[in-house]
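In order of appearance the chains are A, B and C, and numbering begins at 1 in each one.
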């Protein structure tokens, strides 16, 4: 009797979505936090001028990065609080499958809050955004989420075995996310203005893809050493 | 047991002494050369002389983080404590060097532009990110379960080193975001008389790095031997 | 079935196992007893693949660690103090998850049978959080046996079980052990003697005493235990 990896992966993702559907803790907290952070940013920096188009991308992505810290912090929490960690670890699941499941779930959670945060950010800060620009931002989200979810999943798995994990995660994750935030903000800025600057946008997307690829490679190479003792 | 041979050797091993002397000589030479012998920069005057230390220590810190990454990979493969010791010590020295890079860079910025900090100085900003990245290394090690500290440290050393080029590049594109001017690297064509002292300074910092790592490795080893001895003592009583 | 050789382990420098050897032939039920801190749970965690041994080798059904860990995991059923199920999921969801992770075939029918066997069929779609400790542990028993493990590793599984649950677990151990091997860590000397074929006492990280269960009477076992604890 040997389990297929696809079946294990589906089971692990479904489990996290079922848990989220029952408790609604993580996505709700991430979305509310992002909303609050956006309002704070507006009063901190946006209010200086009437047109905040120039800082919209920055505010949106700084907000998403902070919300991501929250989401990453919740990873593995059910396993710890409900004491299932050993039950999951003794199952014959390749550790890479566990990592990929975490990445997929984080990716979905990020997408869920972006559906709310990006349009709101546009309404709040951008005067005349084109539908075309919004569609491009959606594409950018897909890549950027991967570049956030992969380091998030890797670092969260290390913090499971650490004290004060809620302190450790922001300190670990945010420095690694700075390049992602810079590029995602730049890309968003390039297409949310009065005109769509396609070449610039693609350049940022390419850099985000490189970030995601580098993080994937590191995670792939090191993950075996993280979960098993 | 190896315990007794470890603890009854009080003098510093010869390689540490040799490295220490070599670093002292090179650093002395670098100070004399950079401050006294090298020609003064026509545009920037005396403040430009900090370049010899600023750039050298910046490069040396990258080398240190690189060694930390390699030590991490070797540790994950072999699991020997020696490579963990080398990894931690390298990251420690790399972090100190990064701080020195920022301090010297800040002094240079004050001399050249009259301000301590400029967000459009790519090197300053990049190294700020790198300090944040590597400070997290010690936070992670400090909070990880004792039996996992070495492994997590190794994983993070690899992770952080992979993130370094991303940070550098992202700071550059953030600059073009603010000022659409292409970044030109300073000192790309420096005269030979400057290059010599720059190389001496770089060699000095690299040698000092090797010395500090060797001392730290020795110290960690001694610490462990001491703990073993303590435990044995407790056991007897 | 289980072959442990020269097993050594330390936590933060403190030695817990010191060159432990243990052989468990297929189909045998072994009770591992010993004072707190003797290394019982560490031994079980290592055999359950939760910990990597620092010294020595472990082999389960011919699969040697660490290379054969995944093969071994598929054959092991593990139950600790905690039921190891998600409290925010229902029993059906939990068993579906673990069935998928272990690649169990004909899962729907098996889940039904397993829930019926532990008397939780009526509560199959209530979140486990609403269960009593004993009920949750019964679900843990169902989870442990879902994939027909050839080796049951039980780490003080009676902790938190009510009388019904204990009887149920006794039954599971007695029934499966006709074709499955059982290694059980316990403080319950009486249960160790009556339920198992063999009693192994661990003290200071080594096997201190190893006898067929039929040969021990309770006072002798208790005396040995006392002696070791002192």
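As a convention for this text, contacts are C-beta pairs under 8 Å (C-beta built on N, C-alpha and C of every residue); 3 or more make two chains touch, one makes a residue touch a chain.
Not measured: the values here are computed from a predicted model.
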When A-C and B-C are ranked by contacting C-beta pairs, first place goes to A-C
With chain centres defined as mean CA positions, report which chain is farthest from chain B.
-> C
Between chain A and chain B, what is the gap in Å from one C-alpha centre to the other?
-> 31
Geometric centre distance via CA averages, chain C-chain A, whole Å = 39
Interchain centroid distance [CA atoms averaged], chain B/chain C, Å = 49
Give the residues of chain B that touch two or more other chains, as numbers and ranges in rising order.
-> 147
Chain A residues counted as touching two or more neighbouring chains | 229
Would you mind writing out the residues of chain A in touch with chain B in their complex?
-> 151, 154-155, 158-159, 161-165, 167-168, 171-172, 174-176, 178-180, 182-183, 186, 189, 203-204, 207, 210-211, 214-215, 217-218, 221-222, 225-226, 229
If you look only at chain B, which of its residues touch chain C in the complex?
-> 146-147, 227-228, 231
In the complex formed with chain A, which residues of chain B make contact?
-> 76, 129, 132-133, 135-136, 139-140, 143-145, 147-148, 151-152, 154-156, 158-160, 162-163, 166-167, 169-171, 173-174, 177
For chain C, which residues are in contact with chain A within the complex?
-> 48-52, 69-71, 73-74, 76, 78, 80, 82, 84-89, 93, 96-98, 100-105, 127, 143, 147-148
Where on chain C does chain B make contact in their complex?
-> 11-14
